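If you scroll down you'll find the structure; I have some questions about it.
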Amino acid sequence: MTQILHHLRGQFSHLIVPAGLVAVLLLICAFRSPQLFSAVGAAGAILVSAPLILAAMAITPIAMAGRGGVDLSIGPAIGFINVTIVTWLTSWGFESPVAVFVFAIVVGCIWQILLASMIVFVRVSPIIVSLAGFMILSGVNLVILPRPGGLAPDWLSDWGYGTELFSPVLFVLIAAFVLWFLFQRTAMFQHIRLMGADEKTAYTVGININVVRFAAHLSAGVLTGLAAVCLTGLIGSGDPSQGNTLTLQAITALVLGGTSLAGGRGGVVGSILGAIAMYLIFVVLSSFDFGAISGFMTQMSYGLILVLSLLLTLVATRPKPAAV
Amino acid sequence: MPLVTLKNISKNFGETHALRGANLETRLGEIHAIVGENGSGKSTMAKIISGVIVPDAGSVEVLGVHPKNPNDAIAAGVSTIFQEIMLAEDLTVYENTFAGSDSLWTKKYSVAEKRKITGEILGRLVGEPVNPDAIVRTLPLNIKQWIVIARAILNRPKVLIFDESSAALDLEATNRLHDEMRKLRDDGSCVILVTHRIAELVKITDSATVLRDGETVGRLSKEEITEENILKMMSASSSAEASTQARKVISTEQKPVLFVEGCKVTPDAKPFDFKVHAGEIVGIAGLDGAGQTEFLRQLSCIEAPAAGQVMVCDSSVETHELASLAEAEDAGITYVSGDRKLEGIFPNLSVFENFGVALMDRLTRRSGVIARDLIGAKLDVEMERLAIKLGHKSDKISTLSGGNQQKVLIARAFARSPRVIVLNDPARGVDVGTKQDLYKHLREFASNGGAVVYLSSEIEEFYNFAHRADVFVNKTIFASFKEQDINEDHVLSAMFGRTGHIEFDAQVEATVR
Amino acid sequence: EGLDELPPELAAAYEGVDEGQPVGPSKYRDWTPRSGPPWKIGYASSYAGNTWRAEGMTRLMDVMLPQYKEAGLVSEVKVTQSDLNDARQIQQIRQLVDEGVDAIIICCSNPVALNKAVKYAYDKGVVVFSYSGYLTSDFALNASSNYTDGGYQIAKALIEEVGGKGNFLLVSGIPGAASSESFDTGARRALEEFPDAKLVGQVAGNWTDQVAQTEVQKFLATNPAKIDGIIAQGSQETGILKAVLQSGRDVMPISLAGSAGAACYLKKNPGWISHAFQIWPPGDEMELGFNSVIRTLQNQGPKVQSILRPVYRVEAADYVASLPEDCSIDSTAYIQPGIDIWFDNERAAGYFLRPKDPLE
Amino acid sequence: MDMQRQNPLTAIMSSDHKGIFLGGALLVILFSAGAFLVEGFASSNNIRSILLLAAFLGLAALGQTMVALVGGLDLSIPFVIGASNILLAYLFGTGIPAVFCILIIAVMGLGIGLLNAVLSYRLQGQALIVTLGVGFAVVGAAQIFTTLGSQYSGTVFSEVPKWFATIASINGKTLGLPIPPVVIIWALISGLVVFATNRMRRGREIYAIGGNRTAAARLRISEFRVWLLTYGVSGLMASITGMLLLGFSGGGFAGVGDPYLFTTVAAVVVGGTSLLGGSGGYGATVIGVLVLQVLTSLLVGLGLNYAAQQTVFGLLILPMVAIYARTPHIRMQI
C-alpha cells in the first residue's frame, strides 16, 4: 500500500505545484472575481482559455518525445489554420462544421508531419526545426492575410458569444481529453515516453523510432487543429499574428504544468493545469485596477508569479539524486 | 548449420577502419567469445550482428536474415546487451525491462503482468528483491546492468550477445551471469560474449574469435582457449610480459600520506580506519553495495563520509583535514571515475581538450591564457606511456574506442602529477595489454613516492600488484591482506564475510604488518 | 434613419469612410443603462507604451475623471490592458461586464475579433464604445475622426506639396489596428490619383517614435533611391524626422499630425511644410469618446453607430503658434486643437437624438 | 584504424569549424548577389548601415551564445534591452552625470543576468521560462518606475548626450573613419570573446560544463560560476545593447528589444552553435549575425516586406543547419 502511494507520489509529484497554483488562484478568484463561478462566467472562462489549453496539450507529446523538442511553431501553426479557414476555406465555399474540423485537423497534421520529416530525415534538432517553422509561418500568415479580418462561418463565430456552459467549445475540450486519454492507453504512447526518455534504448530494443516520432507529432497536429478551431471561434475572424503569442504562452503553460523541457518529467494533465493557471492569473490581475500602469503591473506580476511557481516546483519535487 | 555468419566484413567510420574483412561463425548451443584489444572492432561486430550498424562490405547472415536494423535482428531472435548500458533512466524498472516488448500499437502484457514478471526475473538475477516501480536513475550501476540483462533474456532469444556485460558486476554476480549463460546455451541458444576478462573466457567459452585491428586473426576451439594463446594472437607484439618487477618495501613507520580514522561510510555502518603510505598500492575489493565505491568517493572528497575525517599529511610532518574536493585536489589527490560516460569524458570536445581541461588550473599563464604547448607536450608523454591509439589529437574523444577513452582519462589523472591516485575500477573495459601498461605505470608512480588506491571488481588484478588489499563487507573494511596473502581464496572468502583458513586480524592493524 | 438625420455639415464628414466601418442607425437610440449614475466605466486598452496613449490616459485620469466625478456621473474608471492579445482583451471585456461596469471604452483594437464579446456586453446592458478606431459589431458604438478621409487628405496634401510626383514612403501605425488600416486605405486612394507619385515603401512605426525612427532608418539605409516625401500616420513624425536627419539626407516633407517635436522643427525651419492636420489628438479623441459614452448612458440616443468627426487642417503658422521659441525636437508633447474645436457641445448635439450638455 | 592525412577540404568539413566556413561562403554569396541585384547595395552607406545594425544584433546575441553553450536560452534579453533603454533615458533626464547613468544601467543588467543565473541554476531545464519570467518582471518594473510620477508610459524622452549618440549613430565616426564606433566596439569585443572562449581557462570551462557537467565538477570546474559568467555576460550585453539603441534612436522605448527575442536565437543557430550546449561559439554567431543582416538588407532591397523576410529567414535556417549541424544518425550514437 505504501509502495503504491509512493509510486503515485512519484508519478504525480510534478502536478503538486500546478494543482496548488490553480487552487490558490481559484480561491483568490472566489473573492476577487466570484462571477467566474457562475455558469456564464465559467462558460466565458472555457471559451477564452480553450485555445491555450489545447495549444499547451499539443506541444506536450512533442516535448515528451525528447531531443529537447519544444514546438516553437505551435502559435503560428494555429494562426495559419485560423487565417486559412477564414480566407481559403470560406472562399472555396466549405463552411460546414465537418469541413472546418477536417480541414483544421488535416492542416495541423500536415504541418506536424513536415516538422517531423525535417527532424527524422534531415536530422535537424527539433528546436531549430520549430524555430524555422515559427519564422516561416509567421511570415506566410501575414502574406495570406495581411491584417486581421475575414469572417469565420456563422456557426463558428457564434461560439464566441459563450454564455452556455455546455457549449461546443466545452465539447471540443472534452473530446480532446477523451482522445488523449485513449491515446495514453496505447502502446504507442509508452513508446513515445520511452523514446523521449532515451532514444538509443528505444531504437536498440527494436522500436521503430521514426514511426513513433511521427505519431507524437500527429497527435500534436490533431490538437493544433482543435486549438485553431477554438481560436477562430473565439475571435470570429482571422488574425495573422494572434497565433504567435500562443507559442510562449503554451510553453509557459507546459513548464508551469511541471513538464521539464530537459525531458523526463511531466504530462498533459500538468499542461492543462498550467494553461488554466495562466488564464486565472490574468483573471486575478484584471480584477485589480492599476490605473495608468495597469499593463505594466500585469506584466511584472505575471513574471514574478512565473518565477515563484517554478521555484515552488523545485521545492515540491524531489531533489535531484546525487550524480554517481 | 551456422547461426551467425559474418564474411569479409568491412566497416569504416570516416577514416577509421573499424573492421576490415573480418569473419565470424557461431553455432547453436555454444558460448562463443570475441576477443581483441581495445578498438579492435569487437563492439562494431556485435552491432553489426544486431542490425545497429550495416557493414560497408561483406555479408551478414543471422538466423537466416540480413539485419538492416535492430528490429530485423530482434524479430529473428537476436538480443544484444550493448557495451553502453541502454536504459531510460527516468522511467521505472519494469518499463525498462519491458521496453520493446509491445508491438507498435498493441500491448502484449498488462502493467500488472509487467511488474510481476520484472520482480520475479530481477529477483532471481540480482539475488535480492528489486522494486519494479523504482526509477532507474536512483539505482546502482550493477542493478542497471541486470535490468538490461533481464530485458535481453526475457524473450528467450536464439542469439544473445553480451558486450562486456560483466564489467559492472562483481564476482558473485558474474558467476550468476555465467550460470544464466550456460542455461541459455543448454537450452539451445547461442551466446556471443565480448570480454576482456581472460579468466572468464577460459572458464566458460566453447570457442572464440580473435580480432586484431579489425581483422579476424583466428578462431579458437575450447581446448585452444588459453590465456597465452589469446594474448599472443590479440596483439602483434607480445606485451604480456607478466611483470615480476620488484616492488619497493613500504615502511609503515612513516606517516601515511592519506588516512581516515573512525570512518563510517553510512551513518549506521561500523567505523574503520584506513591509511595509505607513499609508495604503497592498496587494492580495494568487495561485492556490489558493500560500500567500497562510496568509500572511494569519500576518500577523494567528492562526498563527505558519514563519520570520520579524511586527513592528508603533507611533507611528512603536517597533517590536515580535507573538507572539499578542491582541498583534496590541492593536496594532490586525484580520482579516476569508473563511470566514464557520466563523470569522465566531455563527448563534444577533442582528445586534446579532454586531457587539457584537467590541467587548466595549473597550466594557465598569468594572463589567463591556457598554455597549450605545455599541455600538448604532457599529452605526448602520456600517450606514449599508455599507448593511446588515436588519429589526431583534435579528434573528438567520442570517436575513440571505449578502452582508449578510458586511457585518456587515466592519462589525465597522471598528468596532474598527484601524490595519491584513487582509481575506481579503471581497467573496466580495458584490454589485457593496456592493463599491463597501466600496472606498470602505477608501479612506477608508486616507486617514485606516489600512493595508489585501486578499486577493482577482478581479484586477479591485485596479484603481483597491490601491497595490500582491503575487502569491504557490509560498508566496512572486513579484512585486510598484505601482499603475500592476496589470493583468490582469501579475498573471495573475505568478500563473502568468511574468515576462511587464514589468520588475520580484522581492523586491528589494517596495514601491512 | 441614421446618417440622414445628421445635419448636412456633419454628414459630409462620412465621405469616403472605411468600407468596414459600420455607419447604420445605432442600437442605442433608445437605451438606458442598467443603473446609475454614478456609473462605473471600464477602459479595455489594447496597448500601452507610446506617448499617444499616455497623453490620452492623462486627459482621462487627470482632467475628465475629476470633472465627471464631481458632477456625480462617474464613480470610477477601471483600466485593463491586453498587450495586443485579443483573447486577453476578450477576457477583460467579459470580466469588466461581469464586474458590473456600465460602459466599456475600447481603444484601437482589432476591428472584428471582439464582436462577440461586445454582443455579450450589450446583452448584459453594457454599452461598448470604441474610440480611435472602430469595431464592426452592430452592438458597438464608435467615435473618432474619419481616418480614411484623414489618410486621403494628408497624403494628397503632401503629394501636392512636393509637386504631385516623386517617390513616397508610407509609415503606418500598428498593422491590423482599425485606424491604421483606415488611414492607409485613404492614403493609397490619394496616391492613385497622382500617376507620377510612386509608393516605394511602407514600414510600420507602431505610432511610436522610436519604432518609427528605427524602421525608417533601416529603410533609408537600404534604399539608395531619392525619397521625395514621407506620408506618415501621426504620433510618430518626430521619430521619422530624426531618422531622416540621421541619415544625412536633406529633410523632405513629412506629414505632420500633432507631435510637438516635429512641429518644433517646423517652427525653426519655416517653409519646410505649409500645413498640418489633426486627425487623432490624443486627449481630444479620448474626450470625444468619453463624452459620447456619458451621453449614451444619459439616454441621449446616438443616431449612428459611428460618430465621425471631420479632419482638421491647420496652416503652418497657426499650427506652431502655441510652441515656445525654445521648443525642443525631443519634445513628446502634443499639439491639440482642444475640445472646444474638436467636439464641443454644439457639434456633439448633431449626433444625438436628445442632446444636452452631459455635465449639466 | 589507419589514419591517412586528411586533405584540407575534408578536414574543414569534418571539423567543428565548418559552420564558420560555410557561413562565410554564404555571406560572400549573399553579398555578391546583393551587389549584383540591388542598386546601391555595395555602397559605403549601405555597408555601414548593415554593420551598424549587425553590431546591435551581434552584441545582443553574444549573451545568447554564451548561454546556448551551456545548453540554455536567455529569453530575458529583449526585456533587459527594453528596460535598460528606458531607464537610461530616464536617468539622463535626472541630471546624473552620463557616465554614472551608463554605469548604473550596466550594473543593473549584470545584476539581472546574475539573478537569472542563480534562479536557473537551480531550475535547469526550466531556464527558458525562468528567464522569460524575470524578463517580464524587469520590463514591467522599469515601466512602472518611469511611468509613476511622470507623463511617460513605456517611452521616455530626454536629451541624450551628443558623444553617446555618436557612438551608435549611422553617421558616427571612429577616429575620423566613417565607421560608427559601435561597429569597432563590436569587432573588438568579438575578437576578445572568441579568444577568451577558445584559449582562456574561464572560456574553456563553459564548454566543459556544456559538454558534461558531472565530469566538469570532478575537475573542480564550478558549474555555478560558469552559470554566473554566462548569464551575467548575457544580462550585461543586453543592457549595453539597450543603451546603445538609445544612442541610436534618441528616445527610450521599452519595446526596442522585442525584435531580439527570436533573432538572437536565429543568429546563434544560423552560426552553428548547438542549442543543446557544448559546441559552437561566438565566432560562429558573428557569421550568423552578418548573414542575417546582409540577407535582411538584400531582401529589403528586393522590395520584400517584413513578412516575406521572416519566411526567407526560416527557410534559410533549415538548409544551413542541415549542412553543418546534422545530428548523427542514431546508429552512430550507440
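Which chain is which? They are A, B, C and D, in the order written, and residues in each are numbered from 1.
We take it that a contact is a pair of C-beta atoms (placed from the backbone, for glycine too) under 8 Å apart; a residue touches a chain by one contact, two chains touch by 3 or more.
According to UniProt, the chain labels map to these proteins: A, D = ABC transporter permease; B = Sugar ABC transporter ATP-binding protein.
On a predicted model such as this, the values are computed, not experimentally measured, just so you know.
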Contact steps required, at the very least, to link chain B with chain C come to 2
Distance in whole angstrom between the CA centres of chain C and chain D (ABC transporter permease) is 37
Taking each chain's mean CA coordinate, chain A (ABC transporter permease) and chain B are separated, in whole Å, by 45
Cα centroid separation, chain A (ABC transporter permease) vs chain D (ABC transporter permease), in Å, comes to 29
Each of the following residues of chain B touches two or more other chains, namely 52, 82, 84, 86, 342-343
Multi-chain touching residues of chain C, meaning two or more other chains, are 48-49, 54, 57-58
Multi-chain touching residues of chain A (ABC transporter permease), meaning two or more other chains, are 146, 200, 203-204, 263, 292, 295-296, 298-299, 323-324
Chain pairs satisfying touch are A-B, A-C, A-D, B-D, C-D
Per the touch rule, the chain B residues reaching chain D (ABC transporter permease) in their complex are 13-18, 39, 47, 52-54, 82, 84, 86, 213-214, 302, 325-326, 329, 335, 337, 342-349, 353, 356-358, 360-361, 364, 368-370, 372, 389, 391-392, 394
Within the complex, chain C is touched by chain A (ABC transporter permease) residues 33, 35-36, 38, 40-41, 44, 48, 51-52, 146-151, 157-163, 231, 234-237, 239-242, 245, 279, 282-283, 286-287, 289-292, 294-296, 298-299
Listed in rising order, the residues of chain C that touch chain D (ABC transporter permease) in the complex are 48-51, 53-55, 57-58, 201-202, 204, 206, 208-211, 213-214, 217-219, 221-225, 239, 242, 246-248, 261, 328, 330-332
Within the complex, chain D (ABC transporter permease) is touched by chain A (ABC transporter permease) residues 67-68, 70, 118, 122-125, 127-129, 131-143, 146, 199-200, 203-204, 209, 248, 251-252, 255-256, 260-263, 292-293, 295-307, 310-311, 313-314, 323-324
In the complex, the residues of chain A (ABC transporter permease) that touch chain B are 3, 6-7, 10, 186-188, 190-191, 193-194, 197-198, 200-208, 211-212, 263-265, 321-324
